Every structure is written in C-alpha cells, then in structure tokens.
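Below is a structure I'd like to ask you about.
Going by the order they are written in, the chains are A, B, C and D; count residues from 1 in each one.
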C-alpha cells in the first residue's frame, strides 16, 4: 500500500528526520494561509500516488502567498496520470546545494532489508541503477540485529558525503531504519535528501510503501489508503476478499488460485484474446464468492465473454458447479460464459453445468479458445 | 524414493483444532500420512479425530511425547511466525507453513533465525508437499497425482494441481511435489529443491513452475546450468501481467523493471531448459 | 544499581503490567491522605533496598486512614538492616488467591537472558531454587529475537497456571521483557505476581537491578541511585573513578587492578590480618588518584596500616613512586604504610620510596606480612 | 608455537587515533607486532606513528587494503560493540576488545551474533594477548614475560602481570598468555582457551587464573577432568570478598549464593588441579 508524501514525511519527522516546515491543504485559500505562515517562498506539491508529478506540472515554486494561492488552485484542478489532485503539500522552499538518495527496501534475493544511497539524488533510483549502477552504495541489514552505526557510516563514506555531515546522516539513516521497521514498510525512501546552502540535511521528499500483509497491526495505515490509486472495482473486490485487477481486454476471468488465474490470462492471450481482468476467488468456491466475483466482472463494460476456470482439488467440482448455477440464477448474465471444471468429480460437475446450458471445456486451451471465440461474437 | 517427506514422516499439526487444521488433518490421514499429534495452545489434553490424535499445548511437549520430525502450520498469519519459531526451537527438521498473509519483515526475521538452525521451512503461503503413494504434508489433493520419477517444484497452488493432473492424464508419475509458496521471502527456494531432486536417485526429470516477481527463477537457471545433470522443464505464469500490480500472491509483482515472465523464460531457455507455453504442454516436453 | 520497589512498579506499569493503585509518601500525613484517596484498606511498605522488610516490620496492613497514618509514622522512624526508611509506598490492599514468581535475569553461563517462574511466589527465588528447584520453570531468551509468545505460554503452562489467566500472563511476561530490555536491567522481577480473588493478575511487588555499565544511556536511572545503600566512602570513591568497597578489617589496601586488589586482600587474610577495604585505582597511578585513594582510606577510622601494592607494567614504577611521595607530602598520614612496587623500573621506584622513609617490600607475601605486623603495632 | 597470535598476525587497531590507541600501538610495534593499519571513522587518509601506519574510515576498507586477520579495539564503551560487529562483518578472525564498561545486554547480543560467525572475540575488559617473543596484541607489558612452554589464561589484568612476572623470576617461559577479561559475558572463556592450549604442541603446562563470580571456573574444572591431558595449576582471587558486592570487575560478584572462591577452588581441587594460595606460589606448583 502506498501512502502520500506528506504522510511519509510526518512519519520520518517522528523518527527525528529533519523535514521542511510545511502543511497539507485541500484548497487554494488554505494554501495561501500556509504560505503566509511559512513567511515567503514555498513549494506546492500535488499529493498523488504516481511518479512524474514534477514533469506533469504538479510541483511548483511560489514566491509569495498570492502566487501560492493561484498555483494551488491550478494544481488542485489537475489530473496527473488519471489521478485527481485532492491534496497539496505546502513546504517552505529550501536552498539546495546537493541532492542525495537514501532508501531502505526488501532485497528478496538476500532475504534482508537493504539500505541504498547515491550521490545522484532527485532521480529515481531505478534510473540510477540502470545508467550508473556503480554510484549506488548498498548495505544489507541483518534483520535480527538492525542497522549498525558502522553501516550507516560506510554508506556516508561510500557516497563521498563530506565528513562534517556524517553525524546528521547517520542519525537520519537510523531514523529511516526505525521508521521502516516500525511501519512494516517494504520501501522507505528519502529522495532527495538535500544539503541546504546553510549546511543542513533535509528530507525534501519522502515515499513509503506499507506491507499489505502487516496492516492488521497498523490500523492507522489502513485508514490512509488512497482509493484514487485503484480502480473502484478493485476496492469493491477487496471487500469480498477477492483479489481482482482490472485490465484492458474483453474476456472476464474467474479462477481459483493466483498462479492459475495468471495462467488463464496467459492462455487467452496465447489464443489471440485479451483478458479483461485478473481474478482469484481463493480457496473453495462458494456460491457467495462466485456470485460476488461474477457481479464485479460484469460491471466492467468492456467484458464480452467470461471464462470461469476452477480446479477442483479438495473442493469437489460438483459442489462448485452447484455454486455456479446458483450464482447464475441470481445474476442472469446476458453475455456468453465458458466454464472449465477439472479435478475431483469434474465429470459430475460438467453434467450439472451442461443441464444449465453452459458452454463447457475440458482443457485449458479449449476453454481459452472457446472464450476468445465467444468474445468475438463467434458464439452467441 | 522421494525428498523431504516419506513413510518415515511423523507429523504434528500446529493449529489442529481450527477448521482448516481438522479438515486437512483428516485428508492427510486418509492419504496415509502418519499424523502423531496436534498442537493448539490452551487445548492440551484433548483428543481429536475420533479420539485418535492427542492435542498438546506446546511443540516441545508434543515432540517429546511423540518423536515427531515434521510439522505443518495452519494458524492465522499473526500467530504463524511464532509457530515457526516454536517448531524450530523444538528441533523439528521440516516445518511446512500453509498460512498466507505473513508480513514480509516477519519472514526476514524467521529466515535470519532459521539460517542458524537445522530446521528447514517450506512456505509460507504454499500448498505443502506430496510424495504420491507415500505421504502428504499439505493440502494438495492426493488423487490428482500418481507415484513416479518426476520431481515437481512450484511457487503456486492450483496451478501446481493442474500440472500434476496433466501429468497423471499422461500416465506420468511424481516422486515428490514441493509447493514453495507465493510469498516474496520463503523458507525454501527453487535451488534448494532442485539440489535435493538432483541428489534423489528416484527422481529423473524435474518440472519447475515459476511466476512473475523476484529473480528466483533466474538464479535457478544459473544453478541448473552449473550444477544439474537431470533435465528440467519449466512453465512461468504471468506473461500478461501488468507491471507494478501484485497478482494475488504477495511475491507475484513486476517492480523496478525486474521480475517479468519474459526475463525468466529467457534466462531458462538460455541454459537449455524447455519452457512450456501452457501447463498442458508440459507432459509432452518431458 | 538497585532501584526501589515503587520505581520498579512504575516502570512495569508503563509496560502494561497491572500494579495496585498506590503512591509513595515520605510523611505520615501524606500516607493518611493517600489511604483516604484509595478508600480504605492499604498496605504500607518501607522503601529500603534490602531484603526481609516484612520480617523487620516494614510492611504493614492498615484498615483505615488513621491507622495508615500511625503505621506510616512507625515505619518511617525505623532502620532496617542499618538503612533508614525515608519513603513508604501506600498501596491499595489486594485479596490474594495465589502468589506466583516471575523474573528475568542474565544467565552468565548461557550468555542469554533467562525468564524464570514458579508457582511458589512470595518467597525469594534463591530459596525456591535451593529447596525445590523442580518448581522453577526457566526459558532462555534469544537476545537477538526477544521473548517469543510461545515461550511465555510454555512458562504459564509450566507453572500450571489456569488457562483463563494465560492471556494476561503472556502480556505481563512481554511487558516484563520489554521493561528489562529498555532499562538495561540485570534483573526484573515480580514477586509476588498474584491472582486476586476477583481473578485479576497483579504485580504486588517489583524489583529491578540496572546495569551500572549502561547508565550512560539511562541518565534518568542514574538520578534514582539511593545513596543510603552504599557506605558514604563508596559514593565518594565513585566520584574519583575509584572502585572502593568498605570492609570490616584494619589494613587499608590501595592496589592497581581489580584482580590484584582482591588478591592483596586474600594474602592479608592468609597472613592473619584483616583488610579494611577493596580499592582499585585502575590503570596508571597518577599522583591525583593516589592522593584521592589515600584520603578515602584514611577516613576509615578502623584503618591502622596501609598496604600500597602497585604492579608497574606500562606505567613505570619510578613514576608511580614519585606520585606516592607527592601524595604523602600532601596528606602526611600518621599511620604506617607498606609499599610494594613491582615490574618496570621497580628498583628505581623503591629507591625513591626508601629515601622518603617508606616501608617497602619485594614480594606480595612480604608486603602482606609487614602490613599485618604494622597494623598490630609491631612497627610504629 | 603459540595460540591465537604469532608472527603471522596482521593487526588493525580500531580507535588508533585516541590516546590509548596510539600509545599501545607504539608499544605493540616496538614488541614486533605487525600492525598493518588503524581505523578511526572520519580520519581515513591520515597516517600516524611517524607516517608508518595508514588510518582508514572503516574496517572493510582497511581489511581489503591490508589483508589483516586480527583487530584490537580501543574505543569507548558506547561505541565498542559497534566496533566488534564491524570487525566481525569484515571477516576478522580474532577480535580483541580492551574496552571496559560495555553493557551486559550489548554483550549478549554480540555473543548471539558472533556465535553465527567465524570470528573469535577475546574480551572485552581484558588486557589482550601476549605470545612472548612473537607477538603482542593488547596491553600486557612485553618485558615481564619470556618465551616458553607454559600457557596462561586469566580473567584479570595486573594480577596476570604478577603471575607472568613471578614465572619470569623463576626462569619459566610462556607460550601464550590470554586475558579473557573480567566481564560477566565475554567472547572467549576458560574452556575455549584450555582446549586451544591442549591442542598446541608447544604448550606443556597451563596456569589458569580465576576470580569470584559466575561459574566459568567450575565448568573449566569439568572440562579439565574430562578432556585435558596437560597439567593445570590455578589461582582464584577473591577469597575474602564479601557476597553481593561487585569487586571492581563487572563479573566479579558473588550473587544468589554462587560464584564464591571457595566453590571454585573446591571444584578445581576435586579434579586434581593444584590451586595456589597466592600468585607467588604458582611457579613452585608447576
């Protein structure tokens, strides 16, 4: 889960990381008032959860409160990469001498957190990694021991930070580690961490991703979820415990299991169709879950056919078939559906569906081909 | 022969008194798995499954009483890491964690700890293991696979069942099927299982089922190239998955430009691994 | 460093461990007022840092505020094992059903913290360990991982705690672990942890020892040090960075190094004398340190002779001798002194001392014998 | 021969630019120890001791530049554990920590970590090691001991010097003297050193100097009884120490009725170890 820059910076500040004076606003008048409080030059930053805000004009410098108001109004009326700007952050402008990158993320291969830093701050770290990987200093952190002082120092030395800033940098590194740890973050990033012309270190921008699996111990974060960042159907699906991701195609997919759901999409594509979504209904396949899933798929107007692919393992296919029939009776979709049931009691399941006049398939490939044909109007 | 589980497996079920615990314990017992005890804190002294299986309050006591060597975990995510630590501290040699939804930082601590221990963890967020005809420790349906000489290792659940079922339809049997789980950090990775299959005289060919996210498949490709003599056939799910989106599994995400199916397939084909276009093609590549 | 019961219980409470309602007082009137606030029966407990308060009459039950005042006055006028009672804790009286022991300490052999518990609470754990060791449940805690839930549960099961109390017990165990950890304690102990007649767990008494070496990160604890618990000369010595412990004998010892200082005491005893103190002046032996040490020894009125034993290693003995002479010139002690200098430049050092008309010795045994004789008036 | 340090020792001094660091580095170099570098964070690039010794910012860089295998720590207590972690992570095989006053919980974490590593820690709160005529890594005066075949291990500082000096006066030489330090939890204990002496062909007899507190001496007695073939002579300081009082060293305290000199002497004599009444008696018991 992503949280906004202003939220990340508030967390950083709690851990002693210096951030610019500033506040969040949702109207131009508020922005003007904050600019007055901050006494002069401010930076106005769109709070949207996509990269490239700056290029899109979502970050602007205002030299006095009236300009702040005008620019705020302008930014608040924008959409950036499809996301409306609902909030803006008004920060005191800083005089920047140097820009540094400092972040902590999970290194899956090493199975450890890794702290990364680069003297090339202000640029996305993936960009630096691609162009000048030698400029990135990495240290792996022992998950049982935490960040050691000497590691933070090695990072400071590695990016050739002037020695007079080591002490502050090490304190910031420790703050970032503690923020990452306590927040169950999968990414905690300061970019840029700047040295100002009056020789202070300051976290000008902040980004945090929170582990969805850990939200049970962070109810405060769960409330921070910005629903603008996901399709409304994704939000809806989450309520039913369904894992749904909207795509651009026209064949709705309803599958049990994440790997099989991805595979179903892949086979549709392989047969020259386009999946409309990823949807994993999880273990079992109760009538309620199938019903909820079908409803969500049908709300996507692009959908021209549905492929329902269930591997009956522990759950028996005849039970699943009954679930499907009962769901269909409730919804009565008016688009073609192909159903594939495999595994335990698949034969019985298929008979139940056939009597309900469903298109059925035995193999994955057959199911995909039938769905593609149905979406193209081949079967009506 | 098989790897990790066989007729010598003496299993404790952690969280046996929950719905899932009791259901799958029954399934495992019907399959012939030697379930020797269950553990549910606070329910020590009870007997479950028609009075056949004793329940203990702690792993330590259960292991002392039964000489178990394997455990399977069916407890909710917020308690699951503690169950892993408890099993490891009770010197269980194979711990299988079915639980989905464990925070990734918890798993980093678990790995940091287990790396000092003798215990192997399989999972979490996995369907467990099946050595057809011998033992089942997990939730893989027993009837979809027959004994044989193909080793199967997979990050997925039902997709694995598809593959096992496709093999069975083609009269191909399996030595052991290991579901390593769909989380970004797990206890056992492809390389661990590949090396065990390489060392198992009854496994002749291997099926490796990967998916998007991370670079376990790429590292496995390197390992196959340098260390494996047995043929490996693979399938990678998620070729049509968009970047930046978590595809159901916590670990199935293309991020920062890495973890795509394309890269993985490329890496595997580079070292001579045949990669199937879809699961039903796998039997024909073996 | 020991802290008082009321201080330990405040810390415990901060970590969510339930403690009785209560407050500390230093006068009888205060005690009465607190008893009134607590509305009835209270326990009045002398806050002195020695065991056996109860037996000495330092813990009393008062049934109403006036009785509380009288008993408070009585306790505040006591001395328990030589320590004056300056503060009392007034706690709401609890109806006790069961008494449990729960503590965490450092296991030196295992090099890990160990949590210990026993159903025989209210008794000193050493006593339980001696009489019924099988009643003590121990779990070692991984210092990098911390207390695990399952370990706390194993302890609860191990002492046969009724299951309805497990959840509270586990929470208390975690609180105690966190208190121990955050406070750099070497002991954190609840004794007794009681089950009340209304089925609550309550930490009735608490004890904490803090690692002296960790006080640099706990300035708040350093201020809690109760100077009553150490001889005034020990407090004085600490100011000079000297490690001094007052004993009952008559031969003052001044030695460089803790092991050698203990050995010097041992050899005095072996030669039928009695050391008046342990004193380690540490590395080097500057005139200032020798002077401070000599002054402290001389303030002990029992001292009849002084044995100064210095092994010159890196420090040259002639330098040490100059330090001694300069210290003697300042203090001019009027009791006999035996000096032994060994090691680097010992010969030169002894010459300097001889010219200052000091008694000198070459071997440890000789030095001890001369000091013993001097203390008995054999040399004047 | 000797144990732990010899002419192959390549030493880094952590905290070299402090007063103690520079003083003892000079002493070690005069003794012939091969000091290859110093580390003081923030002073990398400087040269000390008449431009002979380079100073680095970090252990990693210093080890890479010099191939050091040993380090000695002269940094204040609040930074000393970090210095130990840094040395261990730089794969230093022997870390000698002179620093006194490290919190005991810090040392428990250090031990917990080092037990997973290849690095051995000697100390903290110790005088270090001396292999007479070969190498000195610590602060033991070089001139009070001569080469020979007696191994010395001790929890104390100047008391150890007394013993070395008494041996020298009796023309008895030493293979290696190891000061393991006076803290309750340290990196190397009596048993570790005894086993190394047992395995060292040039060590024929051993002197073990203990003191009150803990039960390292008792455990050593058991070890001597079951594993040692070489004679051990001992001395235990603190026979007149009162219980409950910390005698200078953080570890020298009789608490909860255990750790008394009497118990230790008894345990040692039980297994045939000769225990001297005072240090000057030791040469005569060898």
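In the analysis below, a contact is a pair of C-beta atoms (placed from the backbone, for glycine too) under 8 Å apart; a residue touches a chain by one contact, two chains touch by 3 or more.
Note that the structure is predicted; figures quoted are calculated from it, not measured.
Engineer: Can you list every chain in contact with both subunit B and subunit D?
Structural biologist: Chains in contact with subunit B as well as subunit D: A, C.
Engineer: Pick the pair with more C-beta contacts: B-C or C-D?
Structural biologist: The greater number of contacts lies at C-D.
Engineer: Select the chain at the greatest separation from subunit D, using centres from the mean of Cα atoms.
Structural biologist: It is A.
Engineer: Using mean CA coordinates as chain centres, what's the subunit A-subunit D distance in Å?
Structural biologist: 54
Engineer: Subunit C to subunit D: how many Å between their CA centres?
Structural biologist: So the centre of subunit C lies 27 Å away from the centre of subunit D.
Engineer: For subunit D, write out the residues touching at least two other chains, lowest number first.
Structural biologist: 109, 113
Engineer: What positions in subunit A touch 2 or more of the other chains?
Structural biologist: Expected reply: 142, 144-145.
Engineer: Which bits of subunit A are touching subunit B when the two form their complex?
Structural biologist: Touching subunit B from subunit A are residues 106, 108-109, 111-113, 125-126, 129-130, 142-144, 181, 184, 186, 211-214, 216-217, 243, 245, 247, 255-263, 265-270, 275, 278, 280, 311, 313-314, 342-344, 363-365.
Engineer: Residue numbers of subunit B touching subunit C in their complex, please.
Structural biologist: Within the complex, subunit B contacts subunit C at residues 41-42, 44, 57-61, 79, 82-83, 85-86, 89, 109, 113.
Engineer: Give every residue of subunit A touching subunit C within the complex, in rising order.
Structural biologist: It is residues 144-145 of subunit A that touch subunit C.
Engineer: Name, in rising order, each residue of subunit C that touches subunit B in their complex.
Structural biologist: 142, 144-145, 148-150, 153-154, 157, 163, 166
Engineer: Would you mind writing out the residues of subunit B in touch with subunit A in their complex?
Structural biologist: Its residues touching subunit A are 23-24, 27, 77-78, 101-109, 111-113, 139-141, 143-144, 154-162, 165, 182, 184-185, 209, 211-216, 219, 235, 237-242, 245-252, 256-257, 261, 277-280.
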